[in-house]
Amino acid sequence: MQSPETFPAFADEASLQLRGNGRLRHLLTLKGLQHDILLELLDAAQQFVTPAGSIAARNDSLRGRTVANLFFEPSTRTRASFDLAGKRLGADVLNLDVNTSSRKKGESILDTIYTLQAMQVDVMVIRDASAGVPAFIARHVEDHVSILNAGESDISHPTQGLLDLLTIRQRFADFAGLKVAIVGDVAHSRVARSAAYGLHTMGVTDIRLVSPAALAPGRDEMPFAERIDDLDRGLRGVNVVMALRIQRERIADLDGIPDTGEYFANYGISAARLAIAADDVIVMHPGPMNRGIEIESTLADSARSVITQQVTNGVAVRMAVLEHVLQSMAAS
Amino acid sequence: MQSPETFPAFADEASLQLRGNGRLRHLLTLKGLQHDILLELLDAAQQFVTPAGSIAARNDSLRGRTVANLFFEPSTRTRASFDLAGKRLGADVLNLDVNTSSRKKGESILDTIYTLQAMQVDVMVIRDASAGVPAFIARHVEDHVSILNAGESDISHPTQGLLDLLTIRQRFADFAGLKVAIVGDVAHSRVARSAAYGLHTMGVTDIRLVSPAALAPGRDEMPFAERIDDLDRGLRGVNVVMALRIQRERIADLDGIPDTGEYFANYGISAARLAIAADDVIVMHPGPMNRGIEIESTLADSARSVITQQVTNGVAVRMAVLEHVLQSMAAS
Amino acid sequence: MQSPETFPAFADEASLQLRGNGRLRHLLTLKGLQHDILLELLDAAQQFVTPAGSIAARNDSLRGRTVANLFFEPSTRTRASFDLAGKRLGADVLNLDVNTSSRKKGESILDTIYTLQAMQVDVMVIRDASAGVPAFIARHVEDHVSILNAGESDISHPTQGLLDLLTIRQRFADFAGLKVAIVGDVAHSRVARSAAYGLHTMGVTDIRLVSPAALAPGRDEMPFAERIDDLDRGLRGVNVVMALRIQRERIADLDGIPDTGEYFANYGISAARLAIAADDVIVMHPGPMNRGIEIESTLADSARSVITQQVTNGVAVRMAVLEHVLQSMAAS
């Protein structure tokens, strides 16, 4: 693991999210999150995974607790996933779309947070387009409130990272020897960053960030990973491919890639391109997919795809995180 | 009942909604739905009806189950009705307004459905302005998911049809000898179609579709019903009048009916016009009403009106359908 | 207390909200609400207040009951407060944002209400920008439905008034000798009106309405209170200061107060201005605050501020009111 000094901007988040007893209080970032806590969360999440077609796991461990979903950016799937996670643990769930009400009156984010805190909300799930918002909120709430980052700018999406790790672990017993390619608009992807930090902590040494040069992450980021701009080189021998969602506007700005068809030809993940990967390769995507742009549609629906399993694991991971931060409070 | 061959476009829905054991899995359409299943649903719904002013019926038969309301068209009453039906059976209910989030990112309907399925949603309640969407979804979901049509284009609104049948049955012991007039914009009414098919299956032989010629349904539709363009002829001797909601824009397009006042004079249901109906006539409307356009306001609030009873029955019917499709799964 | 005749416009609300047995059925206004009922509600609410940082109070007294939040005006905090109050009593809560659905179809308020009533909703929580709407609705619903006013034009916000009273009572054992200043845009404030009527009924005789002349309430309103346009005179010796939210547009219209800075200099509540108040003075604000305009930001976060306690009390008050109106029904 990188020492905290290597990531000055993140050092604070990594320590901020722990209680004095070393347990997780907030979940802000996977960067710097200890291996034993990651493992514990994955083990707990696995307990909430039931086979496809069976009834969802459920208990009442959060009965009497309140979870508020504060989404300052629109979202269907992540919000639904947190909503179900809270409800399946018996919590009261408050869904606030803050775009459409508070901000009309110019209420500051902090005053909204103080209000929810005073209403005895126990966990606030935050999505925001601006960097630093979850940590900013975490620095200001009282001891009895936990903050979960549900997507922060291009920077962090830790529950997505956890669900990616869980999905990989369900297929591969050991992380140590894995080769993983994360492909697409890495520069703007919080999914890529959270996955990369999580994989690094779990011991994966061959992490490849594959993208056009214009969409590569900063040179000082994720030094443990290799930057590659050629897809064939990136896919050679990999066990895991994570395709990233790309916004069409970003493609329009790329030199030498005039349209989405050309993007697919260069960076789209397809069965044909995967001939070069390991035989046991699995294909992941955080959703929602642009079928035919960053991923071949038939591949997304094939046996190699674990994309729907990622969604199932997402609810399980969020249940595990909710339980963990509330139990760590009781134990503190 | 019409043979399936008579309705090629619908044949698939009618069989698609049944399990191998002949039980209802999805509720897509009343067209072709067997008489015994209709009866069973009406009997079950009646058990959930409590007198006005009493506390709503409630049980925990859906505890641990998840119902997602996916409304691709705005709705207050139908969505609230399904929301309450799910909650009063103890289900976790997920309300998704898909206009405002997923579609912004261009996610396809099917990928939204696969996502909810992977989140172990048991029942998806779908409203969509496009024809065929509920059946399309039903064809793609896994065995453990049930699809309920909550309003589909001009075509089908089966829970509305069921609540209409239940309301009629609460007043009239037997369907066989009833005369029923469905009045207004039949051409564009999913309410009219679902009611007509349901009435036909229940044995009503005198079904009148009363509308200006321009708003009559297609010649090949509902051959068991009579098309009438004169309201007095349509109302003569009827026991049941269903007034349909009309959109003002549609009136503007009618020849010889220059405004809403003229529409009311020609096709509005009023106490005066009902002098020609049976003494025991009841008046129905699916809501929301345009008072003074398709229905006289005082009539809507009179003792002949069963409009609020329809709303009460709507929750009961939706509870019955939710229980039925989940129990039929357990039995399969 | 003023005799009902003094307030012809309100006389009806005050009696309308009581059952024949003298118990509260609706909560429409604090104006004319009896002292014993106020006391009873405050006592009941106090039972729901738990210390900051502890788990929220909860019981299942409303299990099987349905509460509908009908907000015809946008709101985050009041709606969230009612939502949590209902859920923490075990009710099924239906949140309807009526702007975005029913009104699109032109459904009248009353038909929406009749629909919810027919769905066996027990309590409807109404916020509306127009005067008289909650009372209008209360006049039309059946005996088994209770209406709670969650904010009505500039006129009434009774649960806010109750939470203000509860907050004051937690600091001061007795209302009788208190001096209270309500400062800001009194003319347009439902918060000011509900607080003033509540304080008056609780026996406070020194109530000061402090505002620029242009924002003073009508001469015939609240005759028990003193109108003051000088802040220093208004604050002299007071135990309680309630700062009101002001809209920036209103400041722009004030003579001699060209901007928000000048407004703060003249009517903003700050630690310096409070030197003239009693030593034990507390500062209140209904939220959301315009920090630096009607209230000094550091003062809002200081030990004198009870603003977050107001929010906590808000949930408790709403739980008490929900329980009260449903129990009064059972007893009637």
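Here the chain labels run A, B and C in written order, and each chain numbers its own residues starting at 1.
Following the convention adopted for this analysis, a contact is a pair of C-beta atoms (placed from the backbone, for glycine too) under 8 Å apart; a residue touches a chain by one contact, two chains touch by 3 or more.
Computed from a predicted model, the values in this text were never measured in an experiment.
Novice: For the two copies chain A and chain B, what rotation in degrees overlays their C-alpha atoms? Round to the nearest 5.
Specialist: About 120 degrees, rounded to the nearest 5.
Novice: Given that chain B and chain C are copies of one sequence and touch, is their interface built from the same residue numbers on both sides (over half shared) or different ones?
Specialist: Answer different: the two copies use largely distinct residue numbers here.
Novice: Can you compute the centre-to-centre distance for chain B and chain C, using the mean CA position of each chain? Integer Å is fine.
Specialist: 42
Novice: Which residues of chain A are in contact with two or more other chains?
Specialist: none
Novice: Where on chain A does chain C make contact in their complex?
Specialist: It comes out as residues 64-66, 68, 92, 94, 96, 98, 100-102, 104-108, 111-112, 114-120, 122, 142-144.
Novice: Sort out for me which residues of chain A touch chain B in the complex.
Specialist: Those in contact with chain B are residues 50, 52-56, 58, 74-77, 79-81, 83-84, 87-88, 287-291, 308-312, 314-315.
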